[in-house]
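Here subunit A shows up in two complexes: once beside subunit B, once beside subunit C.
And now, the complex of A and B:
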């Protein structure tokens, strides 16, 4: 693959220790969020105080890595000060880019901190040339994080027509709904993915086992899956549950509990002109982050050098041991 | 500003004649001021209605309805992009933009903003209004206090706000077609199986509880949003447009109920009882408004 620019490996950092782990394992950049509703992974025990993020920036910069601050949920009317403060704080501690999705947050960032590098979050759901160029023109975004719904061929075509860099997900959890446009958690639990940064909150998940050891999983009042003894499954979300419709019973109506794994498509993505490769998983353990980041570091370096790396280890790390190329491989996924 | 009813776009795949006759009925009988029309959910469906489109639009206009052309909500493929361009790039049509690609084509011309474009806060409202937005339909999950905060800002911008008050709630969009999936097909090979379900395909939990409604790439609530009891509160907050989302049956009598309450000819209690009697059967919900799970009904 000589002659191609080596893509940046963008890795998750849910905690300060996770950030150091990812940087040490070879991340070119880490992304992280501040505590509270301002980012799309507002889970208990995750995320950074401003002071912690400042320390993270110092640590990463010292090792030649970048820090990208995800402030990518949708500020709610009447409490936008929380998001504005998060943007101001992130800029003041010297993050390398702010990742945002909301038009209002984008307008605030572009107006108040015009020199700050701005990446358009996947939560903006910008999946067409025109949508991406709208954000480029309106807010001067430098990079778009693409929704996980495009094929590699479509990404290559997009690359030639848009005015910014492309960051694409390559590994980790894959939500089935268009990012930034899913109210399912909100409908069931009252906590909103868009406004609170919450998806399928653990506080609303309940398990009940019957006499035959069948395990029913509930989110709020609704049974979203029933697992018989011995079956493996991932973290329960509405879009990976099993349901009944008239034509089919007890099936994964939206998607099986699988993880995205584009290891085999990495050379194609690099040829398609992708600037940055993103690994999902700010909620995952340090051991997981270390293993995944190291493996991808080796894979990207090997592909770039024209070698064929051994990528079999990554399968063991996917959700429930099941993997998919999602939309990236072929249109038949749709 | 005098509050009035609007009719959201038909979100489902109805037989073309049924679709045409529905809009004829809207023109002839329904007390709605504005009618949103056009394919919002699936670009593959759009050509099915082409042959009736002109006739329907002129009938609506002749009846004095304001006709607004809604754009596709999720835009990815070439067919999607062509459809949005065809609608949004036209100088002659007044557009409801449902994604950023429509805004790109509009280039600042006056337009409406639909509920699929995320407008959650005052700053977003200001930016969009400075770039041609004249009205905005708010996201369905916004609670009462946020709606009120939005209305405050909108008043200063000369922007009218709209809130969906009736019908199934659009909850999610996907690149994958779940109608096709249930029938062991893919989006490209779907054979338009969604036309078997004029009010969508009900998805139940494995315990048999109706939960969601599948409409191709869209997931809707199973429950039917009903904010008739909150109309006066919304008017007091400064909301002037109230959207009814069409179902295959009972939409006309629903609009009449809401109109009667707007004109203070009927109480909200009376209207709720009447709405429960319409042919369209689904439990009511209003949880989002009360900052509760959206499926809940707070009476």
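And now, the complex of A and C:
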């Protein structure tokens, strides 16, 4: 044993079968969302009815795992009842925590269900001691999910000064936008990542492949990327597109299609005092969930036991076949 | 311009050589089997349709690029259909998903992640992306796999069919 605190492995599920897959693969906790705009993965065919989430809670608890309900998009005027109802439903079926970002939703949760554990979503973008402690004192949050903009050293400093647990992303999709504040999809499609839960809604995505297998990706009326035959591609999001800019043509002006992979930083994160390690990907398949959760279960257990795990297979599941440590490794990233 | 959902298109453009070299198949002979498969899967998993929502009314063209046929799926909960068409015929559809037979098999057997297949260009999608995302997520919510269910429809021959699938999936 290394003497390090063993962190909780928090894993994604977009469907009930995905939840069972994550639990069976070794998740300590599974996060998932209800159908509708109340969570940040509001895609067709994805998410849970209240009854399905209740069954998921029973399944997870039976196997010693937790369920965290992501109600982490931002209500707009005139429809706050949808978010309040989602919070009431999640609490009523016994989820272990509600993950919320909006201060109105958070205030409702803290006031109406004071005994319910509250995790502050990454969408809140809280990255300073002052901001996090404000949420702790005002809403009683027990955990903050950190934005993906901090180095491990900065996380360690935060840990010594904040009044709640830290959850950090370790694998999956990563964007450079200030989390919870990206308006690119809204600008192009009129639907909002933050208020409707749809980053690049599928209804606005169009792919076209020519006879030479060159692939053009459009979001709404805008071409956002074109890759030639044999080139890898990524999610159809504006931030991962390539553009003709003044200095460069075909340039990833915002961010390259690449996935976060902090396998090699896991011991550092554990030493920094991170309580929970989060895998992104509620929109991904059971095959992804099974592979990634199993690999990180082995990795966390191995590092905790002082061994060196081999999880090289994860590269095949990354966006664009590429991986990065993002800002966690160095601020020189992008 | 991207293909317009619902527009008819000819199948087979840009597909590998083997599929083009094979003579047209008597696809009518496949219809009873395909009808049995789709009815059986629909009967076992009625929850699929609720998860698919409006996508139930779309037409999905499934294009195994190395085979001489394509499949047209209409997942209507009241009258689901799966029909084979010879490659090169004009087949109206809303969305088309293309990949090698083994790639498509691995996907419906939950052996590999469809997003990763797409990132690596082993899988391509044109047309109504919303519909294919709904279908993918609905199929992914099955505790069994679609490949298992297809094998099960063969009754006493289900184990040999499953073994053939396993053999095919192990191919590099």
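Of note:
One rule holds for everything that comes next: the second predicted complex is superposed on the first by the 327 of 334 C-alpha atoms of A that agree within 3 Å, B and C clash if a C-alpha of one lies under 4 Å from a C-alpha of the other, contacts with A are read in each partner's own complex, and residues count from 1 in each chain.
Convention: a contact is a pair of C-beta atoms (placed from the backbone, for glycine too) under 8 Å apart; a residue touches a chain by one contact, two chains touch by 3 or more.
Bear in mind the structure is a predicted one, so any value in this text is a computation, not a measurement.
Number of subunit A residues touched is higher for B, counting subunit B against subunit C. Of the two partner chains, neither subunit B nor subunit C is touched by A:70. In the superposed pair of complexes, A:219 makes contact with neither subunit B nor subunit C. Of the two partner chains, subunit B is the only one touched by A:195; subunit C is not.
With both structures placed on the common chain, the touch criterion links A:276 to neither subunit B nor subunit C.
Once the two complexes are laid over each other on the shared chain, residue contacts for A:18 go to subunit C alone; subunit B is not touched. In the superposition on chain A, contact is made by A:203 with subunit C only, not with subunit B.
Residue overlap on subunit A between its contacts with subunit B in one complex and with subunit C in the other: 216.
Residues 74-78, 80, 101-108, 124-131, 133-135, 137-138, 147, 149-150, 154, 176-178, 180-184, 186-190, 192, 194-195, 216, 220-226, 239, 242-251, 253-255, 327, 331-334 of subunit A are the ones touching subunit B in the complex. The touching residues of subunit B, when paired with subunit A in their complex, are 73-77, 80-81, 84-85, 99-101, 103-105, 116, 118-128, 131, 139-142, 145-150, 153, 169-178, 181-183, 186-188, 201-209, 211-212, 214, 219, 221, 287-288, 291-295.
Subunit C contributes residues 1-3, 13-14, 51-53, 55, 110-116, 118-121, 124-126, 129-131, 133-138, 140-143 to its touches with subunit A in the complex.
Within the complex formed with subunit C, the residues of subunit A that make contact are 14-18, 20, 43-46, 201-203, 205-209, 211-213, 215-216, 218, 227, 229-235, 257, 283-288, 291, 316-321.
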